[in-house]
Structure formats: structure tokens, C-alpha cells
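Just so it is clear, A, B, C, D and E label the chains in written order, and each chain counts residues from 1 on its own.
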Amino acid sequence: MRLVKVLGSITSTIKDPTLKGFKILLVQCIETDLKGRQEYFVAVDTVGMGEGEIGLIVTGSTAKRTEVTKKKNVDAAIVAKVDRIDLE
Amino acid sequence: MRLVKVLGSITSTIKDPTLKGFKILLVQCIETDLKGRQEYFVAVDTVGMGEGEIGLIVTGSTAKRTEVTKKKNVDAAIVAKVDRIDLE
Amino acid sequence: MRLVKVLGSITSTIKDPTLKGFKILLVQCIETDLKGRQEYFVAVDTVGMGEGEIGLIVTGSTAKRTEVTKKKNVDAAIVAKVDRIDLE
Amino acid sequence: MRLVKVLGSITSTIKDPTLKGFKILLVQCIETDLKGRQEYFVAVDTVGMGEGEIGLIVTGSTAKRTEVTKKKNVDAAIVAKVDRIDLE
Amino acid sequence: MRLVKVLGSITSTIKDPTLKGFKILLVQCIETDLKGRQEYFVAVDTVGMGEGEIGLIVTGSTAKRTEVTKKKNVDAAIVAKVDRIDLE
């Protein structure tokens, strides 16, 4: 998984039919100090994220394994909302 | 998924037979300000993109799951045309 | 696999049901001198890692193949605790 | 897919038995101006490339899906020879 | 595949049971001049590599397809020892 921050949302009318109904979010990978890095993904939301919130994404074939993304043509999904990061 | 801009198209005569008939596009990953980053993909078009337009690509095995790319030897496909990006 | 150092742990209440019960760790890829690089993953722990310890992660579909991660929606798992690195 | 240029070929005597008989090429990812980037792959040739020629590679599990790479232990294959790139 | 140089070996006592018995090597991706790049993998050896030698790795699910890595939880394996690189 990767630690990400939600930057915003994406609206698309013409798209793969299996993507209909999903909230599609633009997320940025972040470091332990919560600063963004130059690595972005567009992920479907499976847990109810708000903008600016911190979450975890899975990528690749795993993104198609959650209850709500089964058989959907997605390769990135937010699977957790992060409450706290405890550093050593 | 990744947010990309269509840069151009690629013509190939000698290719894997399963790639025949596809519009093959050269795309560049972009950031939230729509500026390009040094990350490029070549993706088949499944939604009817025009050059310069913004879209979403899926990569890896997911690219072979759309209606039109089933059993085709592709690892990147444009699956959505982006209408609007709403940043926080 | 990738050589990583455990930086800390992540707490999440709202998450994919299959992620419940796992220790979710934030790890950083390291080089041979054990210095961190700008590459981070969030991985479930399958071997009992402590913070600051060095381990190996698998990513992608392999992360779902261990005894404890079967059918879990994870794309990164720590599969070994590293005792020693012998350089040439 | 990725746009690549063929840099050279690789000779290996001791290798996985399924790799026997393939032309194994060293390729470099290129940008739209055909300049190389610091991203290299070693790919098996499925279309008859010459050195210095431009082609498309697929990576990951897709590389094992072409007629000639079925059940071969490859994770990168050249699947098209590029005739022309039309930029916007 | 990727062109790599063997940097050293890794010893691990506490690990996934399927990793037992493998020689686990730390490898670095190299360029055509054999200089290392900042990209490292930890791969199981399937061909009998020595330290400092040049080889090819496969990553992802392909790494689990060789005779010796079947059903093993690995995501990177050395599948060829390189004898010679011929550049254009």
C-alpha cells in the first residue's frame, strides 16, 4: 500500500462502463512528514474519503479485489482512512 | 489510474496481431496543474480521445479487462476522458 | 523483494474489512549502507517486525500469497526479517 | 506499453530453460524527441527488431501472452516496430 | 527483465517458510556501461550467480514461474547469467 493525501476529485462522462458510480479521486503519495512527493495516482474511493484526508491505496490487480471494486476495471483503490501514524 | 494528456499517435505495421485495429496513443502523465512529468506511456484508446485531451489510463493486467481489450496483448489503456478536475 | 527499514506504524479504523487484525507498517526502501531512499511502502507484517528493524517486502500479487495474507486485499507484505547483509 | 529504442543484444548461456531461442535485447525508454531516458529494460523480441530501431514493449504478465512467449518466463517483450510518431 | 549486478547476499532466519533454502541476493540495476543506478532489488538466485556477476532478473508474478520458484512467495528472481552485452 501507499500513504496518500486526497488532492481533489475527477469528473468524467465518457468512461469505461465499469467505472460508473465510483467517486474517482486524485491522490498524491506523501512522506512521513505528510509532505507530498512527485508521485500521483487516480484511485476509486472504497471507504468514504474527504478531500485533504490521509489514506492508503492499493494498486495493481489488488485494487479489483475489494467488495465494491470486484470486476471493475480499476488499478488503484483507497482501502483505508488513516487515523494516526506513529513514528519510531 | 493515472492522469494523462494525449501527446500524439503511433503507427506500426509490424506488430503483435492482437494490437491490430487499435488507436495507439502516446500519453504523458500530468500533475494537478496539467503540466507534464517525465513519465510516458503508450496506451490503446478505448473511449475516443483526441490529441491534447486529458484522460485516465489503467496499466498492467487491468488494461486487458475492458470490453474492447479482452485477450489483447496490451498493458495500458485509456479508460476515461476527463471533463473536470476539482482541487480542494 | 526490496530491502526496507520499518519507520513506524499506521492506525486505521475505517478500512477494507480484510485488513482488520494486521499490523500495518510504514517502511522505507534502503540502500546497502542502510541509508533511506525516497521510496516508501505501507506493508502488512507477517513475521513480527519491530520499529527500526530491517526486512524484506514483496509487492504486487505476491503479497497475497503468504499463509496469513491469503485473500486479503494487500499489495505489500513484509516476508523476512534481515539478520545480516554480506557485501562483496 | 512503452516507447523504446534498441541499444544492443545480450548473450547468456546459463539461463532459465524457457528463455532459450529468444533474441534478448537491451532497450531504453525514449521521449517524444527520441532522446533516451534513464529507464532500461531487457526484453525478448517478438517482431524482428534491428539495433537502433524504435519499438513498443509490454511489461509484466502481458509479456507472457504473445504467441511466441506463451509459458515463457519473461516479463518484458517487444510487441511492435514503430513506423511513425505523429505529435499534435 | 532488468540487467543487474550482484552486490551481496542476505541472511534471514525469521522469514516466510517458502523462502527457505534459497540464496537471496541483493542486486543493483545497471546501465550499458555497467555503472549502477539507484534501483535495487532483492532476488532469489535460480542460476548460480557469484558476487559481482551480471545477470537478468524478472520481477512480479513471473518470478514465481521458474522450475525452482513455483509456489514460492518471491517477486524477483535471477533467471540468467549474462556472458556478453553487444551494443550497437
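Heads up, the rule we're going with is that contacts are C-beta pairs under 8 Å (C-beta built on N, C-alpha and C of every residue); 3 or more make two chains touch, one makes a residue touch a chain.
Note that the structure is a prediction, hence the values are computed from the model and not measured.
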| item | value |
| --- | --- |
| Topological distance between chain C and chain E, in contact steps | 1 |
| Angular offset of chain B relative to chain C [C-alpha, multiple of 5 degrees] | 145 |
| Length of the line joining the C-alpha centres of chain A and chain D, rounded to whole Å | 31 |
| Chain D and chain E: spacing of chain centres that average the CA atoms, whole Å | 19 |
| Touching two or more other chains - residues of chain D | 60-61 |
| Chain contact topology (line, ring, star, complete or other) | ring |
| Traversal of the chain ring from chain B via chain D | B, D, E, C, A |
| Residues of chain B touching chain A in the complex | 1-3, 29, 31-32, 37, 46-48, 56, 58-62, 65-67, 79-88 |
| Touch list for chain C against partner chain A, complex | 6-19, 24, 26, 38, 40-43, 51-52, 60-61, 63-64, 73-76 |
